[in-house]
């Protein structure tokens, strides 16, 4: 479904990605692991088109994404929960969810406000609060809800559980499993290795802008050396 | 061939360029009428733009004086530009000829032997209007004018001669205020016999429109100075502002003045540029002939400053306003006329002279000038 | 011993939300006191009131026995209270080292020093480097802050707090955004501060909390529902239900 | 030596040697132009302290220039025409002191109010105060109102004679160099770093313990006073002052000089004011429609070079402001 | 005090306020929402006036001219956005200021080249040129009533658009975070282009409505732009409601100041002093007002909830 080949990205001068290869199948949960500053976010942002790729290819359902504006890529069915939440501060919580909601793929049962609120009941009480006045965790939930409201078939979560209470985190993992059940693929970056490995089908480890390891969760648990060398655990 | 270099500083950019363009046209026409020569000398004319800013005007003047080394600097529509530039010209020992601006200091304590005016001192025109108001039996007056130096001069001028009662005065924000609804409402409420205003340039157009839209024409007759002129009238006509028809203005000159020089000027200006010349143009046209009289009087010897000065002082040239003389401060002593807005034979809006208000009128500041 | 920080009756509400509701809390010298609680419970709001960016509706705050409830934020910082931001707040137009240098420089009484070039003042730079080394950003000292990754920004956030050398550090989720490795390291750093500093730690990372905290307070809906040692809290049924959610 | 320093040196050397050459080759007008340029550059450099290093885009700096110029003109006027004996004087030191003191005081008072605001609000409130000064002088009939005030006698100093254009030029040039050095020193000092920090993220600086308001106010007063000094020079140069000099368009021009050259660098504002003055002179001598190419040039500079012309020269695209 | 006069002046103030609102609304839209400082807003206002003036003479009817001029101005606005503004969003405000100042010079000179320096007086159809007697002694020019109506209509329309439509949400979202809006599937470029064009259209409309009162002239943009900024600053940047209320306040204060300040001053000082200080103070009035409001509310009367 998503196939990234030899992706190279530069930030004004300095190179951040040195040829990333990565693949996601329909309905899979795939993780991208790596220490801080290794290029996880850059990979994600390049896939979507927020950061322009220098070279390489990203094909999504047979469409080449590199070189296209990000809104077109998003409309193919990629939903992003960006690093650092990035909710719209000057929109109310409800507006944040509604403003960019869409159903380009004509999903039969699209996400609704109620759907999001049943996932995060906390949000319901803050319906009219401005985005910037929400607590860090509330913002994070909102960012996930906002991505869901675009009814994606590939959900990309960049540190989507940062700042969430343990209970909520747990709920999110459950939700992910549930969404996957509906045929949605998921690319996830997160620090909670234990939780991730429990739900992931496939894991990629990135180091200095290159994929240095990939394999199933069981393989990774067993590969103590890789865990230690690339992730320091 | 030898040449006489003349710098002409006027406004060529911004909205004020309408006035500058009229002056430039008139100066070019004057040169044409002279056949490009003053005596035996070729005329080398350099126009410079002041952008309605004193600093820009001064810089342009400096360039004319220091870089182009002109013999005469003429022009200057705006008082503040003239005041800022004055020292540059006079300190360099050149002649300075104002073709419009006439602020009081220049007629009084800042007067200078090398300065001449082909226009008027600010107070004179409104003084004539004050006299007109007396003659017409206007007992009470409402006054409106922009809140800047020339505006205050105008008001002071009319108050000098007007004998009735001033019921109210509004000094409006300048520049920038073009909506006069509040002031017009006040004027109307005052119940005065007449309304005196001074709104030069585009403020004049705006004022006249609103005067008409407010329906004041039948209630309170309008008396203006420097508001209705050859530049604004065609615009009023195009905009169908009948309200201005019949309104009264005073001026030292009119296109209908009966002398040969004026007839040629007005006729050729109309043919060449398609409309009646405004007073700005008339004064600019005169300034060239004043210079010509000086150059010819000394036989082209431009180092003979005294000779040229004496010649100019005698005002011995064909002025479009007819004969006039110079006071000790080198401001014209001249007639002022009452003019009325009328349609000409072809239906174009213009003015005609109703009568002479002042004969050989001298400005009130001449006594402050140490020159004899 | 008198507590370093003493909070009593602190109340703040936004419209209908009681973000902190009659909070009473003492933090003693050289203690790591963790505050945990669900999202939106009012933890950040509490910190903002302690450091002076938010004005409480009621209640008082005393630092070293002295009432600072209405002391402006910058003065509190001078007294020795520093904070880190949950949502990273750095000088992104400056280099990494410049950021930290400014934090070191803040230890001075004032910075109305106009003559000497700041980058030539050795101790400022040395101290700044020390802080950067601690968080592992020493090799990025000359980079532009905007060019660092999210996790690196989080590390800088802590470096700044460390560099002020304040006696009381209010740390708002210092582990957030850090990878597993980096988190481990951060726990070590904070542990190292224990002997010299007092820390009020807000954190959702329970491993860190249980590894570091001397005492833990649980904040729910703006109210402290429990305070105790890590073991007491771990076994508190209400806390497990409202927050931890395990089992 | 990096490119920026090379440019700085080249510009300063050119400013030091060219003007006397103009005089010897009989191009006195270009000496005038250079003097104008240098004086405006002083104002631009002082504005840059605020704008480039403090993120305070003052849109009212022309008022400081105007007040500075009137501080020369008014004492001279009274010395010539009497009244107000207390301040009547041609003494240059007195006039400059007056210019600097009054502008500093004005900056202090208005700064306390203006600095409560930020960003565009700051731009507008500084403009508001400048407009008040503008209308104040427009209606001050004693000093000519909008017709302005002619300065018959320039400031008198021992040894130097400001009626001599070269003396005036070199006084201005020396002042520019001094002001540049002052700004450069300040911005690299601890004070300067705090100022730049406050520009970047005020909340963070407060959390670190800085009373950012006091630092910003100090910078505002320093900048205002330097601009007042530039005004005193300008008054001596034009020998004429009018409220027009403090209109918002002039404040805007100053701002453009800084941005055009490159905010937040020592030489930027000088390059900017140089370009502004020279291009204006050059273009306007060709056509009265010179604003058209001038405007296109400004647009192109903004579109193509980040951080003004200096961004082009030094090859980095760091931009100042907010 | 004369209450009829007070009433008339209040209506005059209202009318001036609504006219200011028309200019300011486009500015606050572009500034508050696109976070773009458009100094050239005034020049577009001027273009609106000139285009409409020319069309009035060409078509012989003012209203038709307005209807045709509006889309023309919108297209001009859109083109300006595409060519220049678009690449400046990501820059800081000062770059906007410099770039749009350049644009002012270009547009004003173009206007000078196209229409000459003279300015154009715009004739009104007879039915708009008259006056309406509201009640005994209170007569208002018809056209000014039209301005009041248009200004109020635009205010309501904008409030609805920005606050209650999804388009409005997207516009606001785009203002705070372009990248994210785009990453969530919205063509932000197009959206911004349209908003800019709308802002330009509003500026143009204001120019068209002022032209029959004053005239279309070079430099009219520079005269209005500062006042328009004062209005949106007092109101709080980006707030349509704020701009509306501030415009009315400024209109009223300015008009009433001009009308009654001298009378007021004469109560406490000599006639001489009153006559010379009243105009000075009334010219400063809106600036004093702005400074005073900002001193107490540094982000205007209705600060954006976020920025």
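Labels A, B, C, D and E are assigned to the chains in the order they are written; within every chain, residues are numbered from 1.
Here, a contact is a pair of C-beta atoms (placed from the backbone, for glycine too) under 8 Å apart; a residue touches a chain by one contact, two chains touch by 3 or more.
Just so it is clear, the structure is predicted and the values come from calculations on it, not from any experiment.
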Chain B and chain A - chains in contact with each: E
Graph separation of chain B and chain E (steps between touching chains): 1
Centre-of-Cα separation between chain C and chain A, whole angstrom: 29
Centroid spacing, where centroids are CA-atom means, of chain D and chain E in whole angstrom: 31
Distance from chain C to chain B - Cα centre to Cα centre, in angstrom: 74
Separation of mean Cα positions, chain E and chain C [Å, integer]: 47
Chain E, residues touching no fewer than two other chains: 112, 279-280, 283
Numbers and ranges of chain D residues touching at least 2 other chains: 138-139, 141, 291
For chain A, residues that touch 2 or more chains besides their own: none
Chain-to-chain touches, reported pairwise for every pair that qualifies: A-C, A-E, B-D, B-E, C-D, D-E
Touching residues (chain side chain E, partner chain A) in the complex: 166, 169-170, 172-173, 175-177, 179-189, 304-307
In the complex, chain A residues that touch chain E: 48-50, 69-71, 74-75, 79-80, 82, 86, 88-91, 95-96, 98-100, 102, 104, 130-132, 146-147, 150
Complex contact set, residues of chain E against chain D: 31, 37, 84, 87-88, 91-95, 97-99, 101-106, 108-110, 112-113, 222, 226, 229-230, 233, 237, 276-277, 279-280, 283-284, 287-288, 290-291, 294-295, 298-300
Complex interface listing, chain D residues touching chain E: 51, 57, 113, 116-121, 123-125, 127-129, 131-132, 135-136, 138-139, 141, 248-249, 252, 255-256, 259-260, 263, 289, 291-292, 294-299, 301-303, 306, 319-322
Residue ranges of chain B touching chain E (in the complex, touch as defined): 13-18, 20-21, 147, 169-173, 175-176, 178-179, 181-183, 185-186, 189, 202, 205-206, 209-210, 213-215, 231, 235-236, 238-241
